[in-house]
Structure formats: structure tokens, C-alpha cells
Amino acid sequence: MRKHWLIGGFAGVLALSGLAFVQGGGAGADSPTTLSDFQPIAFPHDQHAGSEPGQNNMDCQFCHFSAERSVDAGIPSVSTCWGCHQAIPGTNNPQEVAKIKDYLDAGEPIPWVRIYKIADHAHFPHMRHINAGLQCQECHGEVQTMGVLEPQRTGLPAVFLGQDRVWGGDNMGWCIDCHRQPNEDGVQQASTDCSVCHY
Amino acid sequence: MSTVTKDRTARGALAHPDVTRLDDVNRDVLKPLTGPPGKGWWMMLALCGAGIGMFFGAWGWQIYRGMGVSGLNAPVGWGVYITTFVFWVGIAHSGTLISAILFLFRAPWRQSIYRAAEAMTVFAVMTAGLFPLIHVGRLWHAYWLIPYPNSRFLWPNFKSPLVWDVFAVTTYFTVSAVFFYLGTIPDVAAARDRAVGLRKKLYQVISLGWQGTDRQWHHFGKAYIFLAALATPLVLSVHSVVSWDFAMSIVPGWHATIFAPYFVAGAIFSGVGMVITLTVPMRKFFGLEAYLTTKHYDAMAKLCLLTSMIVLYAYMSEFFMAWYSGEEIERTAFWNRLFGDYWWATWIMLVCNGMVPIMLWFKRVRHSIPALFVISIFINIGMWFERFVIVVTSLHHEYEPFAWGMYRPSVTEMMIMVGSFAWFGFWFLLFTRLLPPIAIQELKEVLPPPMRKQKEAH
Amino acid sequence: MTMTDGIKRRDFLKVLGVSSAGVAASGCSTSEVEKLLPYVVAPEEITPGVSTWYTTVCGSCSAQCGMWVRTREGKAVKVEGNPNHPVSAGGLCSRGHASLQHLYNPDRFAGPMIREGDNLRQGTWAEAEQLLAAKLRAASNVMYIGGNTGPSMNRLIDEFVSAVGGTRVEYDAVSDAALQEAARMAYGSTALPRYDIENARLLVSFGNDFIEYGSSPVAHNKGLSKMSAVDDHQSKGRFVYLGARLSTTGLNADEWIPIVPGTEAAVALGMASVIAGDVSDAGPYADVLRSYTPTTAASVAGVSEDAIRELAERFVADGPTLAMGPGAGANHRGATAAHIAVMILNHVAGNVGRTVHYDAGVTAAASSYADMESAVSAMAAGQVGVAIVHGANPAYTMPSASGFAEAFAQVGFKVSFASAMDETAAMADLIMPDRHFMEAWGDSMPRNGVMAIQQPVMQPVPHFDSKQAGDVLVAVANQLGNGLGSATFYEYLRSGHMEMHDASMGDFETLWADALRTGAVEHDMAMGMATGNAMDLQAPDTALSFDPPPMDSGGDLMLIVHPSPRFGAGEFSNSPWMQELPDPVSKITWHSWLEMNPHTAEQRGIREGDIVSVASGNGSVDVPVWLYPGIREDAVALAMGGGHTDMGRWATGNGVNVMDLLPSESEQVSGAQVTLVTSVTVTPTGERRRIATIEGSSDQHDRPIAPAVALADLGHAEEGDHEDDGHGPLMELQGVGGFVPVDANGGTPEAFPLAGTDHGEYADAHEKPRWSLAIDLDKCTGCSACVTACHSENNVPWVGEDQVLMGRDMNWVRIERYYEHVDATQAGELDVRFLPMMCQHCGNAPCEPVCPVFATYHTPEGVNVQVYNRCVGTRYCANNCPYKVRVFNWYRYTDENVPEPMNWQWNPDVTVRTNGIMEKCSMCIQRIRETENRAALEDGRPINDGEIVTACQQSCPAEAIVFGNIRDPNSRVSQVVSSERTYRVLDELINTQPAVNYLKKVTFHEVTGGHE
Amino acid sequence: MSTGLLASYEYLDSTVDAIEGLKKAGFKVKAYAPYPEHHIEDALGYGQSPVRVWTLVGGLTGAATGLAFTTWTSVDWPLIVGGKPIVSIPAFVPIIFEMTVLFGALSTVIGLFILSRLPDVKPAVVYDPEFTAGRYGVYVEAGSDRVDEARKIMNAQEPIELREGEGEDDA
């Protein structure tokens, strides 16, 4: 009898903490990407933005052009890609680079799969964060060291902490942590007023 | 010791003239548990089962489609659901009142009804607790009302009466359930000692191996008193908090200082009414006439009478204050309550809760079980409408005349409301078959203990 | 921003993925993969996530106001009034806002439709054009039926029609033919009178509903509010309305003289005769004035002679004055005479050249209903080979008695340019869907010397393969071999303007660029509009009778038929925004209603909501009764625009078409359609229905909601009075101790914040602004433009008639309408109060503490915000809101009610709410944030006063709404609020400390009824 | 190794006399009754039950928790609602009260279970089902030397039956 009680109680505690956890990852349910997505073109971020020898060490905002003046970071137009790549056939896998031309000729946009997606009810103005001197990596992770961006997932279903490992992204607490950091005057550096993001 | 004995003989005789021996009690009270349930019981259970089906069916439909399937709107954001919620919370109260408050006051007549009343309390709260969930627009986020550590660093708003509600109702449920369970332990042990087979196993588990040793009885008694002492203010607080859901607002017709006592009285009123409604048939079916005597019903009737007068007084003072304050908006609200679009609800309330109970002044009525049964039904109806009147008539004519509107309950709402009675009845039926419907050990306490000396005296 | 290069725009739509963020539902976002679609070639003027604004001309109605269109990633998401436009000068009516819904209307044709037997099949444009060309070659007689379009299109059509040797019939359902004819007769002017309302001190309208429809509702609305609003010298212009029924315009009058319909001429002449002591001032009309005295007028008009005489005397004394002739609602058999009579009145009062100028553009169609009648007979006789219908829907707007449908059926080949299905297109053999004006080129000439260019603001909505009618005409003409000298309509238009251009105006390209950038340029080009010398009256060249015209007998109640402020003559009916916009007068949505005076109803034992059968000689309709004190007891009124039989999902089957009751008749003199002629019988059918209204009670019940102050009392109010009239001291929240008063002079804070203001997060509150609204009820005309503007800006869904009936309308702002004094029996003062009610953003908000999850709370900027994604939907806040401004999403309105591509008009900056969430006015917080972001980027400069403009404020033609930081004593809102008329609704009763300040309406009479 | 004696009596007074007799003789007595019979408790000389302490401590803990929790959560993310101070104690009183009752009640029950050794799952060897019906029971354990004495005292009150068996040294 007593043993059963113990088990029951333990189960209860587990369930509760489970619930709390679900909350932790709960917002992850909003993350739209699923496990089986691949990019139309195997675009190696490390090759472009990486600083290792042989990598091009490009600035993120060379392609994500509107990050410093718009809420959207922006994605390069096909012509932007071609601007460089008509000169650079691509060292590692030119067949991928060739695809750009196809899209350009077809006048079709490249259907990139979105990786970084914040919940629709939260507004994230990129320019404010860039102008506050944040590095892209602070939110997006060390993208310049990653190859083709694919949704990185724990094996668990989205509800259970299923969101990207590469960023805290869709987890409000993760935003709040940063907003609450005190600035030099000891006041918290960014507002935690709900309506700053939610409206 | 002999003095004690004599006075207790008197008391026991007073309560139950035709029960003499201690083990008679076991025999009679445990009969319903052992004997065959009977067709009637099964039919009622089936009925309740169907009702529960309807209940969850309608609720499921509402979750799937949205709150729109109710008749609610702006300005009437609360309707049948909240009405029924308050109704069930109110029902719950008499249970604790009878078991705890009357226990502390040592009222002689409580023993034979308090078990049923407590069971009613637990099940009523179980029913009431569903309605806040039913009425929220996004059920799947309702758990945000519970304070738990979460990655958003967000907590509920402890200034909101609704959060008070969450605490009050859950506390109330926990405590009354524990209280109820504690009281049953020795009786279940008694049942265990007579039951066989599966039931025996079940009762063994429930009774936790109770033996009735001196030590157990010693601590049991004390614990019971302290629980009663805690439950007493709790029961008063819970319906006060429920009343503050309204009183803390600024809605004319809600925002009144009288609400807490007024609601508590109403709760006891409706609760006792419901106890009568439930125990009358129970007593018939299971032949417990010897234990539920007219004396008990007489006492309950008197309680009804008292609370009915308090409630009526509350109505009157509300109307008076509205007029006397000269506050235009308040006046309009209460005038509208009496003669506005929902006049019928108000008058049903006044008749059922104010007029009908007047009959309880007469001893002949109080002593006629059928009459009491009928009156208790009226009380149940009247108290449901009281809450309906408070919720709806106040909301539909508020401050802004241009935004006045009407509310017409939808079929879905009605199905859920009716279904909740089935849900409640289902549990109560199970209770009558599984647990001793009357507190055996407390009955024995008031029976004359067997005395050798007396026998020799004869 | 201009858009001259057509090629670049092709790529706009290919970036939707980026902007889709804003539009998925709150709380539960889509789980499918989201694609990011980049531009192929990035247009340099577009930054994803940043709005691009274009100027164009609103093509919704003939007023052609200037318009700004906000686009995001190539999609038009919001339209606003263009303040630089010389005529409309900012502000936009609700129909203008709704044009967005016609652009994205799912009922638009997917492409050219070609009839095969009973059904239409979609074809290609080449196919369609060849078919049309072929038919035109073969056709014996071509008829082009069309409403008024811009000057260039007009010219093109004429050239086209002559090229194919056809006849052109101009037709607008609501035409001002009578006015045109009157202007021609009286002054020989081809231009229409332009009214300078703003500068009049006494305005007399003879049933002219100028703020609802007509030549320029927005401009007139602005003028009215400027005229009638009290100025710094405690004086305000007076507005007298003479008419049988109070329209929205009429409800704004200070006095109502409920004259018998049709007696405008008599009354106007009666007044004129009083004014013109020496009647020879009236030139050729002298003897007319002799025969029409106030006495004769009084005898027919049903008002006292004194009233007329007294009004006439004021009409000279209170100058400058202005009289406006009967509007579209009063086209009776003597309409032209009535117009001329009013012109005489203005003339003798010396208003011509002062408040009346004969230089307004002819906006509605130039020709008349009479032409249409002959066209019908021609078609009926089978003389018409090909009929082309463009910009008109005669099958619906012409009385069924006219037999248009039958006649049209006789036509050999029927072509329609309708972009979405309507009753006429339904009969057509070939439908060539025209572009929406936001996708097409055009121009307008609202006034002599004003050129406004309508430019496309986005690529055509890809769901619909549409083509601009101009381009079709050009193409077809070329196929027929007699080309019009251009390849596209754009070239045609531009070259046309180039031709008319002369060097005196400077370089054409600059002028053109200016026109595109600012929306319009003013110059002295006549553009073929001859302005008559409007100084002296000419003798009428036709016999005129100024007596009250004969009315058809047969009924016992006069039927007043008027265009709907929401639907016009029915062309706006297929817009859910318009359907759900509460009618400014009746507050009824979706269905039709019959307006009847309560006394009349009482005598006949009719209750509100009774469905009655309204019968005339021409037909009958069944419609519910709505009791309205603002209509004469001997008249009933029905609005146009209901009862569509074939016009898309939202219009079809709603209400009744009043045209079924009218005869097909045109006025002798002008040929204008006669609409005010029928008398009807009203008999209850015994059935009832609930009225889909948002109105609870039209009586304030003596509550301090919409108080007024008499003009005489202004300036005499002692400080003491402020408390009880709701103008309490401005308070500020303290960390402990709640609200304490702030030193303020008349509402303008002097010291903000108070010492010791400190609440955690809110510690730095004193560095923050405190946003506030000021609404001047003396200016508000109740036109309801703000309501639709708000819907458009904030993604407020529509809910449908059944939901409105259940009391679930979602308006974030509603215009409350309270009657104080309305008397339909005699001349007298009129007092109706309009009150735009939105979230009051109370400093002491009752809704906030009751929310269990902090879904609503107060920001440091003093905004009461609703955090949608936190809301669990207990609805306690709505219950506890004394203003009842919170609305709840009972169903998934935003998914279920909004078909593709209607959802393209969602504002990407505002979360779209879903099932189970409470919402309300947010003071357009997305605009506040956008501006804050901009200011922060410009090295953290402060936000300037007036930089943030809420949607309601922007669209308000009356300029009654002001938004700003009330902590800044110099901000406009502070200035406005410092008025002694300032009060806050219900504040003195429940101390809610609203951030929305109202300014009391000012009346001429002592304020008795209602709350002072 | 001791002997357990279980006598079951029909009458209350005889039970009490038996207990008093045994106590006087210095035996360790355990009594059974179908209902809480305070005469028996008196005879066994019980004092106050320590359950009260559990109740008190539980209640106070609850109150403290309630106050601390509500205050802390309000300050942790301060949001102004309805112009009320961030920490407005009056609004927290209901919470504090409910917490008091909840904690108090639960700790009382826990105390009861611990003190009265519940749940007691050992098979009850020394037990008579009649104890939950109408009979009283008295149980003593005596070493072989004193068994007779105990038996004598118990029989003096005419038990319905007197069972003897292995003592289980139950305390």
C-alpha cells in the first residue's frame, strides 16, 4: 500500500513538472517547420559568411539587406545571388549554383524554406535590435558555421521542447531574459511592456 | 458516569426511538450496499448516463465551433453557464454547513443526514468546477489561471476575483473531499467487516485498515474537530468569493456590499433544499425511515425558512437601496429587473424563494415529507433563477444605453445546464450504493450504550 | 511615390511569404511550412516590412476624392484620404475605404466570360476581343451605355462610339441632371454650382443630403463641420434643414423645418420674395417672386408663414449665407424648377460668387434618364445590334416598370465591362471584366483647373484576369481598323494630357510627376469645361411651374426614396464592410427597413419590426418597419441599394429593391429620373422580425454621455461647474494612493509627472508620453467613415446579419446616436447627438483588474492594451466595461468569413484575432510602434506632435478627432482638451479617468432635454 | 515471547471496568470500540491529541506562503491594472485565507495518519469484526508470569469471548 502511494505521488509531481516544461517549450508548437523540409538550393551559409580560410566572410546584411531599416530582415532577390554567381560558378558544388540561373531565367522566386519564424502574435522589429548593436548570431546562432540551414530539432514532438536548438526563438522567456538585462544605469535595457511586441 | 449515560439515553431516544442496539445500525445502514440495487436505481443511472452523454456532447460541440454556439453576446457576456456555476457552488454549501458548522454546534439532528449532505457537497463542487472551464473562450489556455512556473515568467493576476475563485473552489473541493473521506473511514471499515469478495477488497483499501482502536479514535476525533473548525470559515469564504465575482465589478446590480452574506445565505438555502430533494427519495428506496425522521426534516425546514427570510430581506434591501440612493443608473437597473425584459425571471425568483417558503411556518407542512419535497423543488428552481436574474438582468441594461441588448440562451447552453444535473446525479447514485449513506459511528455515538448495570437493575 | 514604370510592378506579388507573418491567427499559428519568396528583381522603392504609399484618385463614386494607398510588399492594405487634394483635402468616406473590398472581392470574374447557351465560360482576352470586334463589324446599331468616367475615358468612349458608328447613352443611377439643367437655364452655365459651405454663416439645405452623396460628400462634410463648429470667438454657423426626412445631413441641422415634399420651390421663392424687397433684383424672375409670397409658401409647405418669413430675414441678416437645392432624394416632377428657385434665392441674397461658384466639374453623367428611356424603347424594338454596358447596372437601378430587362434581352449581342457579377452582367453574352481603379490608369477633373491622375498602385490581383476597359476599347478599335492612335489607354491618357498642355504651365514631365506624387495639380486649363458667366440670371427657355408638382395618388403615405449612405444606388452593396456598417441614421445593418414616424405607426397599430407590405401602383415589397421621429408623419422612406438578385455573396438577397415601387418616369424639363412621386399603402403582413441594429436605446436616460452646452452659456462656466459636467481635474496615477489631481489649467497639465510617481516597471513613466484622444462632438457629423477606417486598419472582422441580430457586432468604434429634440410636426430646433464611442483607455480601467491573466493592463504610455495571445476569454472585462466597447470573437470570424483573396487586405502590422479572444480599440498602437521605431532609427529623435495619426482621425472628414501626447502642453490634443467644453463620458459617476476627452456639442437653444 | 489476550465485551461499563482493572494492575491495554467512546479514552488516560499542532503549523505556513507568493509574483513582473498599486494587499487577502485553510486541513490529515498509524496494512490478527458493529474489545499482552492475572481481571467483567494467542509486541 504505502509503496503505491509513493508511486502515485511521484507520478503526480512528474505530471506537474511536465506541464511546466510543456509551457517552456509550449510556444514551440507555433514553430511552423517540420522535420522533412529541405532547401530548394543547398545554400551553405558557412561558405558565404564563414571566416575560416577558404570561406568568404560576407556580412549577413549584404544579402539580408533590410535588417537594419525594416522589421523584416529581407531575403536576397534572385538577381542579387546571380550578381555574384554569374562570375563565381561555385567551387564545391556548381550544380547547385546553376539552379540560380534556372530560377532567374524562369523569372521564378526561389522557394526557400523558412527556418527562423517567430510566433505571428509577436512583432520583432529587426532594425531596433540591429541598431541596439546586437549581433545576428545572438538570436540566430552561429549561422556562419552552419552549412545548409535545415530545421534542427530534438527528436521530441514539437510540444515537448521541439523548437530549434540553434536559437531560443519562439520562447518568450528567452526574449525576456535579454530584455531584462540591466543597462549601464542599472535600469533594465529593454522594455518588458507586453504591448511592445504583442499588438 | 451514570449521569452522562442517562442524558445520552435521552438524546439517543429523541433522535431515533426505534433503534435500540448498536449493531442494528450496521444492519440497516449497510443494507443498501449489500442488497440488490433494484430496477429503479438502474433506470436512474441509465438516465444520468444519457444526460452525461448530452453534456459532454454539447460541450465538445462548443469547443469545436466556438463560444458562438451559446446565446451570449455583448453586453451579456455571462449567462446560463455562470448562473449554473453559482447554483452548484451554492448547493455544495449546505453539506459543509451541516457536517461542519452543526457539528461544532453539536446539533443533535445532523448525524443521520450529514453523510448524504457531504457527498452532495463533493459532487456539487465537482459539477460547479466544470462551468468556469465551459464558459471560457479558449479552454485550451484555461490553465493559465493556475500559478505555475513557466518560461514566460508570467503569473496570474491575483487582483482578479476569478483567480480568487480558482483558489477558493479548488481549496473547497480538496478540503470537503478530505473531510468527507475522513468521516467515511470507520464506516467503510464496518462495511468491510461484513462485505465479501470484491467489495471487501475495495473497502479494505478505502478504510486503510481501520480497526477502531483507542488511539485511532482519539486522534480521529481531534482531527475531525479541527477540520470542522477549518471548514466552517472556508464554506463562508467560498461563496463570499463567488459573490465577489460580481460585487468587485462596477456593474449596477452587481456592485453591492451586501453580496457576500446574501450569497452565503442563498447558498445554504438552496443547499438544504437540495438535501431534502435528495434524501426524501433515498430514505424511501433504502428504508431508512428510522434514521431520517420527520424531526430531521422539521429541523431542515426551519433552516430553509430562516435562510429564505434572509434572502428575501436581501432582495428587499437591494430594491430599497436602489430607490433610496437616488442613484439614477442603479434605480433604472432595479426597476428594469422588476418590470423590464426579464421580469418573469425576477418574479419566479421572488415567488419561489420568498413566497413559497412561507408555508414552512406551519408545523403541518414541516411534518409532511411530500409537501417538503415539493417545496424543496421550488426552492431549487427559485435559486437557479436568482442567479440568472443577478447575472443577466444586470448586464443587459448597463451604463451605456446605446449598448443595451438582449440575451437568449441557446439550446447548447440548456443541454449543458441540464446535463450537469445528470453528471451530479450519476455520482450521487454511485455513492448511495458504494458508501454507507448514513454516518454509522456517529449514530452509535448518540445511541444509549449497552449497560450491564441497567440490565441488572431491571 | 510615383509608379511610372510598368515592368517593375510585375514582381511585386512575389514576396508574399515575408509579409504573411502578420496575417495568421493569433495564438494558433499555421503548422505547415512557410515559404520565403524573394523578388526575382528587387524594385528599389520597396523594402519588405516597410509600407509604400501611392497617391491615386478614388474611383468608388463620382466624387473622385484624392486617395492615398498604403501598400506592403506590393499589396494594397489600406486607403486614406489625400490631404493635398484640392477638393477632398484629406478624409475619406466609408465607401472609399470599402473600395479595398471591391479590389479583393472574391466575386470578381476570373477572366473574360463568354456566354454559351445558359452558362458563361471563361475565355481568353484575345478570344473575347476578336469576338467583340466581329460582332461590332456585323452589328447594325451599336449602343454604348455607361456612367460617368474620368475626362480621358469619356473622350475615348466618344471616339470609340463614333468610330464604330454607334450611339452613346450616359446613365448614372443617381444623376444631377435636374441641377445641370437648372444651371443651364438660370445662368447658361455648363458647370455646376460649387458650394463654399465653410464660409457660410447660415446654411439652408432644401433636402440636399450633401455629406452623404452628390458632387463631393467628403469636401462638403469638411465644410459643414468647419462652418457649424464653434470658433474661438464663441460663434458658430447655423444650419437649417428643410425637408420631409432627416438624412445624416439633416440630423446635423440646428433647426428642422419639415416641409411637405415638393414644396421646396414655393418656400425658396417665398423667402426670396421677402429678401428681394425690390423684386427686380431677380431679373427675369421678378414676377415669379411677386406671385410667390411666404403666405402662398406656408399654405402649401405645411409650415407657418412666420417660420418662412423669419428664416428669410435671417437669410439676409446672418450673411454670408448659402442655400442648397434639393438633393438626389428629392427628384420630383418639379425638380428643375426647385433648383432654379433655390438659385434665385441665392442670387437675391447675393451669395453667387460669395458662397456659390459655378465652376464645379460635372461628376455624375451628363445626360439624363429620358435618354435611357428612349434607349430602352430602341432596344425593345430590336433596333440595337450590340449593347455595351460600362460602369452602370441598369437592370438593377432602373425601375422594373421601365422594362429594361425585357428590352435588353432583345439586343443581339450584349457586352458588359462589369468586373464582378451584377444584374446586368448576368444577362450579357460577353463579359470583359474591367480593372479595379487601384489597378488601372485614369484621371479626373473634380473642379475647373484641377487635374488629378488615377494611377495603379499595385499589380492586378492575380486571381482575376482583368483588363482595363480603356485598353479593350483601344485594342478592339485597332482590330476594327480605325485605331485611336494609341496602343494602350495609358498612352492615350498621357498623350491627351500632353496635348492640352501648354508651355505656360512649365515643363509637362514635371507637372505630370507632380500630379502623380501629390495626386493632383491645379492649373487654369479649362479641359473643355465652359464656365458660364454666372453673374446674372437668364430667362428660362422652357415653361416652368414653381407650384408643388403633382404626386401620384393611390396611397396614403408619400414614399421618399434616397440613395443609401452605405450602398449609394446599390453599386457598393457587395462589400461586407458596407453591409455591416451601421447606417448612420438608423444604425441598422445588412437588411432594408421602412422608416415611419412613431405617431403614424401608432395610429395604424404598427410596431417596430413588423413586416409590412409597401404597395404602389408599380409593385410592392415586404420590409420591416423602423420607427423614426425624423420623418414627416405623412411620409415613409426606403433606401436604395437593397434587394440585389445577382450581385455576389454579400449583396444578393439582402433587403428589398425600392425601384420595384417607382414608376419609370423622367421629369419634363430636365429628363432626370423622378423618384419622389409615389404614394404607397402600408399594410402589416402580420409577420415580425428582429431588426439587425446595434442600437440599444436612443435615449440617454439623463446620463452624462453626450451632453451639450448652449452657445449662450459658453464662456460663462465657473470653475465650480467643471466637476459636475465631467470636466474633472486631470489625475495621475501614483505608486501608492491611486490617482491624485495634477496641476492643470483647464485640462492641460502643467507638471507631469507628480513627484513620487513610481510603480516598478513604470518608474520611467515621466519620460513617456501619455497618449490621449480628443473628440469634438460639435464637429462630428456621424458619417461613420471612422468606423470603416478602423475595420480596415485593425483587421476587424465582419460577422454577418445573424450574428448582429444576436448582438455580436465587432465594431471597435460605434457612432452612438441619441435624440434630444426631434419634432416632425413643425418648424423648430433640432437636437441630435452623435458620439463616437471607442475604448476610453481609462486610467482607472474597470476591465483591467478583473482579468485573471493580465491579458489587459495599462501601459506606461497610458494606453489600455489587450494582449490577444494572452486572452483566455472569460469575458469578465467586457462585462465590467461601462462603455461596452469590448468585442469578443465568438467564432473564427477571421477564417470562416474571409475568403481568398479578401484576406489580402489584412493589415500585416496587426495580429489577426481568432476564436475566443477579446478585442477592442488599441489607439492604433501599431502606428505608435511604427513611429517609435522610425524615430529610434533617426538617432532616437523625439516623436513630433501629429506624427502619429490614428486611422479614425485620418479618415474623419470633419477633423473631429485629434490624437496626441496630453503631457505635452503644446501638443494639439492638449490645446483642444483645454476647452471649457471638455468632458469625459461617465467619469464623474464612476471615476474611470478616461484618456479619451470629448468636447460637448454646442447648441443655439437652451439645453433642456438630456444631460447638461 | 508473550501471550496476547483479546476480550470482547457487550457492555460499555464492563469494558471500562476491565480497562481500569488492567491499568491498575499495570498492564498495557489496547481497546476497541465501534464509535469514539470517551469513557474508554478517559479510562486509558489520554491527554490532548498533538494533531492540533499540525493544524496550527499548517495554517501558519499556508498564510505565509500565500502572502509571500502573491506579493512576489506581483513584483516579479509589475503590471498596472485598474490604477491599483502593484502590491495591493487587500486584494490578496482572499488568496492568503484560502491558502491558510488548505495547508491547515491537509497537514491536519497528514498528522492524523501519522499519529494513528494509518494506513495500517498489516493483517489484523488481533481483531474481531464485531468491533465495528456492536462490541467493545480489550487487548493486553502479558508475559507468561502474569497471564493468569490478566485473564482473571478480564473474565471478572464477563466477556462474550476471550481469545488467547501469540503476542505481537504491538506498541
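Note that the chains are named A, B, C and D in the order they appear, and that numbering of residues resets to 1 at the start of each chain.
We take it that a contact is a pair of C-beta atoms (placed from the backbone, for glycine too) under 8 Å apart; a residue touches a chain by one contact, two chains touch by 3 or more.
Note that the structure is predicted; figures quoted are calculated from it, not measured.
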item: Pair exhibiting more inter-chain C-beta contacts, B-D or C-D; value: B-D
item: Relative to subunit C, chain with the most remote C-alpha centre; value: D
item: Gap in Å, rounded to a whole number, between the CA centres of subunit D and subunit B; value: 29
item: Subunit A-subunit D separation of Cα centroids, rounded to whole Å; value: 61
item: Intercentroid distance (Cα basis), subunit D paired with subunit C, Å; value: 81
item: Subunit A and subunit C: spacing of chain centres that average the CA atoms, whole Å; value: 46
item: Residues of subunit D engaged with two or more neighbouring chains; value: 77, 79, 81-82, 84, 91, 119, 121
item: Interface hub residues of subunit C, defined as touching at least two other chains; value: 27, 761, 846, 849-851, 854, 857, 870
item: Where subunit A touches two or more other chains at once, by residue number; value: 1, 192, 194
item: Contacting residues of subunit B [partner subunit C, same complex]; value: 65-68, 71-78, 132, 135-138, 141-142, 144-145, 154, 156-157, 159-163, 166, 245, 248-251, 328-329, 332, 395, 398-408
item: Touching residues (chain side subunit B, partner subunit A) in the complex; value: 143, 148-153, 205, 208
item: Subunit B contact footprint on subunit C (complex, rising order); value: 27, 695-703, 705, 803, 806-809, 814, 816-818, 835, 837, 846, 849-854, 870-876, 878-880, 882-884, 886-892, 915-918, 986, 989-990
item: Residues of subunit B touching subunit D in the complex; value: 1, 4, 21-23, 26, 147, 153-159, 163-164, 167-168, 171, 174-175, 178-179, 182, 185-186, 189-190, 192-194, 208-223, 226-227, 230-231, 233-234, 237, 241, 244, 440-442, 444-445, 449-453, 455
item: Interface residues, subunit A side, partner subunit B - complex; value: 1, 16, 19-20, 23-27, 171-174, 176
